[in-house]
Amino acid sequence: MTMPKTSMPRRERLMSDYSDLRATTMALCDPLEPEDMVVQTMPDVSPTKWHLAHVTWFFETFVLDRSGRPYAPFNPGYHQLFNSYYQSQGKPFPRAERGFLSRPTVDDVRAYREHVDSAMLELISDSSDAVIERVASVVEVGLHHEQQHQELMLMDVKHVLAKNPLRPAYQSKPSLVNTSVPSMQWCSSTGDAVRIGNKTAEFSFDNEGPEHEVLVHPFELASRLVTVGEYLSFMAEGGYERPELWLADGWELVQRENWRSPLYWEESEDGWRVMTLTGLRPVDPGEPVCHVSYYEADAFATWAGLRLPTEFEWEYAAKGRSIAGTFLESETFHPQSIGHLGEAAEPAQLFGDVWEWTSSAYAPYPGYRPFAGNLGEYNGKFMANQMVLRGGSCVSPKSHLRETYRNFYYPQQRWMFAGIRLAR
Amino acid sequence: MTMPKTSMPRRERLMSDYSDLRATTMALCDPLEPEDMVVQTMPDVSPTKWHLAHVTWFFETFVLDRSGRPYAPFNPGYHQLFNSYYQSQGKPFPRAERGFLSRPTVDDVRAYREHVDSAMLELISDSSDAVIERVASVVEVGLHHEQQHQELMLMDVKHVLAKNPLRPAYQSKPSLVNTSVPSMQWCSSTGDAVRIGNKTAEFSFDNEGPEHEVLVHPFELASRLVTVGEYLSFMAEGGYERPELWLADGWELVQRENWRSPLYWEESEDGWRVMTLTGLRPVDPGEPVCHVSYYEADAFATWAGLRLPTEFEWEYAAKGRSIAGTFLESETFHPQSIGHLGEAAEPAQLFGDVWEWTSSAYAPYPGYRPFAGNLGEYNGKFMANQMVLRGGSCVSPKSHLRETYRNFYYPQQRWMFAGIRLAR
Amino acid sequence: MTMPKTSMPRRERLMSDYSDLRATTMALCDPLEPEDMVVQTMPDVSPTKWHLAHVTWFFETFVLDRSGRPYAPFNPGYHQLFNSYYQSQGKPFPRAERGFLSRPTVDDVRAYREHVDSAMLELISDSSDAVIERVASVVEVGLHHEQQHQELMLMDVKHVLAKNPLRPAYQSKPSLVNTSVPSMQWCSSTGDAVRIGNKTAEFSFDNEGPEHEVLVHPFELASRLVTVGEYLSFMAEGGYERPELWLADGWELVQRENWRSPLYWEESEDGWRVMTLTGLRPVDPGEPVCHVSYYEADAFATWAGLRLPTEFEWEYAAKGRSIAGTFLESETFHPQSIGHLGEAAEPAQLFGDVWEWTSSAYAPYPGYRPFAGNLGEYNGKFMANQMVLRGGSCVSPKSHLRETYRNFYYPQQRWMFAGIRLAR
Amino acid sequence: MTMPKTSMPRRERLMSDYSDLRATTMALCDPLEPEDMVVQTMPDVSPTKWHLAHVTWFFETFVLDRSGRPYAPFNPGYHQLFNSYYQSQGKPFPRAERGFLSRPTVDDVRAYREHVDSAMLELISDSSDAVIERVASVVEVGLHHEQQHQELMLMDVKHVLAKNPLRPAYQSKPSLVNTSVPSMQWCSSTGDAVRIGNKTAEFSFDNEGPEHEVLVHPFELASRLVTVGEYLSFMAEGGYERPELWLADGWELVQRENWRSPLYWEESEDGWRVMTLTGLRPVDPGEPVCHVSYYEADAFATWAGLRLPTEFEWEYAAKGRSIAGTFLESETFHPQSIGHLGEAAEPAQLFGDVWEWTSSAYAPYPGYRPFAGNLGEYNGKFMANQMVLRGGSCVSPKSHLRETYRNFYYPQQRWMFAGIRLAR
């Protein structure tokens, strides 16, 4: 019988968490050829092997190099190569050129991971409780950081495979089709001064705090996500041709990039098809629409005479609900139809499936304090020009998510699994 | 004795307001040569004669063409040429190519203005009260719109003249130098649920409403604007070389554009000099720093261990205060030193001198409704990627400003007269 | 009775030539408004007032500043502002930003010209014969240089006016239409070792020498230029859609820029129309096709199963022929139909009307020596990536042209008056 | 005992040539990891596996698909994927995105090669003499084509490895250092009307013909290539900072790209170092300078008061000389010092080591006819904007070279092994 983790002593639990999570990352690479792990198809995308190395670099840089114990880096050249954006750690290798690096090879990166894993496990098992106490919080950040990169790896591999005219699939498991969807209902909330943000003892990122009060006015939230079928209606009614539906920056982008559908859709003689991690197939009207930008989400809401929720409305509606939905662990790697809803109008699909664009710009909460030290660059410096998304997606690890979690992307980005929930 | 305007009948007041404001616009061109009025030095800048024609097009398109009375357009080709961004009015002439238009000439544009002015004054004087009632609100928008362009004309002419190595001055009046500045003090506010936005009978833009409650936490606001002298200290301590002070997008910009100072500053053997509308001269440590981007304002605040106010904090602090400061009417066209403050710590310089960057992204207020009809594009479609500025500047007409007024610019822009007020 | 210039004494002739040519330049500006003279519609285009000042700068810099006589520059700031590309004279003002300069105004530039003209005429009239001897050759280069800019002024004004949706005309004189064109005939030349280049006592540019022998193989040259009608056939047969007709770089450009016709053509319901210096009008099938790039000329020849001549073939065919055709002096500012040819098949239209693309890359002749001193940059440094054009155009001054004259442009450029003569 | 190939019957010789050359290509990949074969570091570079597939596509498309015998393509999707630039074969996959393709994998490409090799060898061994006669010339083009790609593979791999801060080496064999170099001497040629181009029965490319007479004036050619030591002198005397040495387009490029040395050089505390296929090491003053653009070659010649030869002068000087030098077969993959010259001043190093820039633009010879049919796109469409290089390099297969061979690159390119020979 496996002992439940929560009852393990801290040291053992940390070692177990570390080992499990690192193994999960490698397992995601099983369907990939070495060639798949090298390619970078746009500046936002990183090669798989870069992700594998970067999350390892994180532990090396922020734990091992600072542990007080002797540690020999696997390769000193990696320090610059796998620094993503930490200016405090020297000038990072240019992001747009990560796909220029054929070396280290995938096997080299595997060896790098093993080198660091040994050192990490040795550190945790051999250190005094005081040292554990000191490093545990950084290790924890490192684990949550690696979970973020598990999601990024799948987003990026999808982009790489989709760019290829041969349309290779990441895995062959078909995604289920369920065209019957319950009609959208409205879940009312009375406004209030509500507590927003995290103050639990559990791990959370710095940008989730401090907890504070926000005045939320009465609102209604849609009971489910917007479906592909509903989005097809928007398209059929000239959604991509009517400037009055769009924010000015969005319309400019639609014109410049000639957008006519969500990312990964392509028109064929038999109608719209969509590239998924299980290959190219017809779009399913019943599943949540995915891979839309903020501009598309906003234009859709305008077309519908509705709006997107604020992040505070979303968090208020999600408060206390269980983390249920489609996550990385399901291995479907695609958002799923909701099936049917219960009788009472309760918001469903809040977690998993697709990240939900909110109308809130990503900004610090009142009294926001970045993580101490070198990790201060983790979140705060991105608090401009980005919008908050909430809830998580079908490629997010379930344990990574919570009601206070704030994800953020630029309004033009759409290679993440992002969809639409309406409010009014 | 001139009758105060407020006691005039509505029709007469409208005619008087219209004539005065249109004359003010033309008076701003007095120091300019025709050549100065043609040039466009970056896509954000428009030629003076384009401004003169566009504000006229506004009355022609939204008032005269819809008045129900016969109206012969001055030149049908102008309909596309001087449409700024109203997609409902057809495809606007490309913004970045406004400086490609040598025709209509400045004299042609003067004739266009006279043609429209005659028709406007005739319309107002000859129409029934019912018609006046119907058009008055659009005329009012048109007048406030032209005030905005009075400010833009001076911003743009400054850019044109400053790009010229001969450094021509718009006017010769010297700006006063007052190096003695009172020390910055902190004005405390207790938090509260405060009413934000406009609900008066007076004119306001759609983006200032609806009035609604916002929870403002206790805060302190600086008693005056940040000075050039304080900004020089930031620069001297490596402000432009330390990535840890900057938002990521800002740092990227600083590197790419090689920013080392505010816009219009240049280094000489005798120290920093600044280009103003009265020519090139040494910087004055006592005057408010101006022509900084949001990124620079934010980096300065980070360096100082402080922050920028939210737009709600700003409005709360400004509530009920009189509109005092340096405005367009002073004809200094440059922000002025504060001189001395009263004994009590009250926030000064809230209006005029320089627009004050807030940390609030430009977003709709809850329940926001755009202007009806074709003017719906006026404000709403820009509610992405921009930040709110408050208060007004030395090139804003005084009557254009109020405590609920929301200006907005992209965080990278700095050719407007924008400065810094700190909060904590 | 006017004394023929050739019998004048050298000093008087130089003064007369100088005055006449400078006056011709100003006369070309008569139809222009100040606004027309400021605008730059692409980096290749310069504002008229820049041309007026630059040719003046040439005399100031290369004659007056070096004359040995005291000379006070009109404005020291002009030295950088109106330097086109002479690195020996300091860093030129950026070419693409010439349209950013509102000052000096057109009137300022007129005064600059008068200042320099006075000094020049005084220098010539008052100097010793020895000094005249020394400066005369540079003055002569300056005059030929200004003739080149007369042509450029008209090319550039055409581009400025054509960019304007109002389609203003430079002058109202209609261009004649003559749709009857004689059929193309072939003029044979037996190959030979021929003398190429200039060795006369008359003025020529450095790139026309030294005279040398080139082996020209037997060839045939078309008796006239390719007409608009013939070019319309090329277009009708998919000329712009068939990659096999195009050089690879040309095809890439056609795709990227979406070229579908020569420059200044636009399709209307009534067929193709063309913008000219006398306004927009239907294309005339009988007139020479104009404003085509090298790529278009080459693709047309490939489509016709023919080729372009080399510059040596062209010069060989032109040797000894009189300079007849349509030039600047005709004030038509547009290439003219040939009307009828004589009975014998002799190549017509060799001079004037349109510059003729040759298949020769612009390269130095064996033993080429640049002009001495600062003028060494005049021609030689452009001998890469450009193609030679021969003959002259309807906006070239007649006295500027000769059989050895080598004009040169990049293969993608087409705002000059360039057309097609075929060979086989 | 191996039968010399020339005495083999045609069919056997073709099979033997085919097998040998295809094996050579694969052998060049022995030192590479799969990851090295995927990456594209600039648009000019192609991934190794793309080269391997493209040369195979060439045989599939131009031989097997047209052989009249049944042939099942390995994968129909490859037809577009591995088309380089043949518009007649449909729209090629975008060149700049070749590095986006993770699939087919290297192993897939190996299988593709084997599939095509079987079919090719079967075709040759089983076909009638008449069929052999028909296909042999295309097979021959295919083999010479693959030799070109052998050179390209090494050029491209060098670029990929050099972009990597870890500086991986392709192979470890050290390149020899020989700092003693004989002084440059001048080899005189009297001018003449000389026969240029190929008319032998042996294979040559279409651009080498037809043979024709060119008048070559008396000239002198340097007895050896310009060395690194000589190039260091150019650099020491401000070669990269003096605009008067450069063609205008070259100077613009030097400024924009901040060039300060040949490609692959980097400055260290111990002086200049150079990246080679055997790793990073100090520059060797005695070896030929390599990886310079046409602009650098021309600027060097101008600095030296000399010039580059025309391609006709080069061919005239090379006529009848044996193909001696450093080629691909030496496996040094780097140009070698000349060691010593014979007593008589004869031009040495004409073949191999580095391609020699000539001052001749790449243009068709008089009467040029492209290869018939689909191969017509092979050479002709590139005859604009490029310059001719002669002689071959240390990564050219020896049997690929001859005195009439014309290589061509854009004047700004320098990732090929190109160097400098002077003339006067």
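Residue numbering begins at 1 within each chain, and the chains themselves are lettered A, B, C and D in the order written.
As a convention for this text, contacts are C-beta pairs under 8 Å (C-beta built on N, C-alpha and C of every residue); 3 or more make two chains touch, one makes a residue touch a chain.
Nothing here was measured: the structure is a model prediction, and the numbers come from that model.
*Asks:* Moving only from a chain to one it touches, give the least number of moves from subunit A to subunit C.
*Replies:* The fewest touching-chain steps linking subunit A to subunit C number 2.
*Asks:* More contacting C-beta pairs: B-C or A-B?
*Replies:* B-C
*Asks:* Could you tell me the distance, in whole angstrom, between the mean C-alpha positions of subunit B and subunit D?
*Replies:* Distance between chain centres: 60 Å.
*Asks:* Can you compute the centre-to-centre distance for subunit B and subunit C, using the mean CA position of each chain? Integer Å is fine.
*Replies:* 47
*Asks:* Per the centroid of Cα atoms for each chain, what is the distance between subunit A and subunit B, given in Å?
*Replies:* Each chain's C-alpha centroid was found; their separation is 39 Å.
*Asks:* What chain-chain pairs meet the touch criterion?
*Replies:* Result for touching pairs of chains: A-B, A-D, B-C, C-D.
*Asks:* Applying the document's contact rule, which stretches of subunit D touch subunit C when the two form their complex?
*Replies:* 85, 87-88, 193, 212-215, 217, 243-244, 246-251, 294-295, 298, 359-361, 363-364, 366-367, 376-377, 381-385, 411
*Asks:* Spell out the residues on subunit A that touch subunit D in their complex, using ranges where they run on.
*Replies:* Residues 33-39, 41, 49, 75, 77, 80-81, 93, 97, 99-106, 160-161, 163-166, 168.
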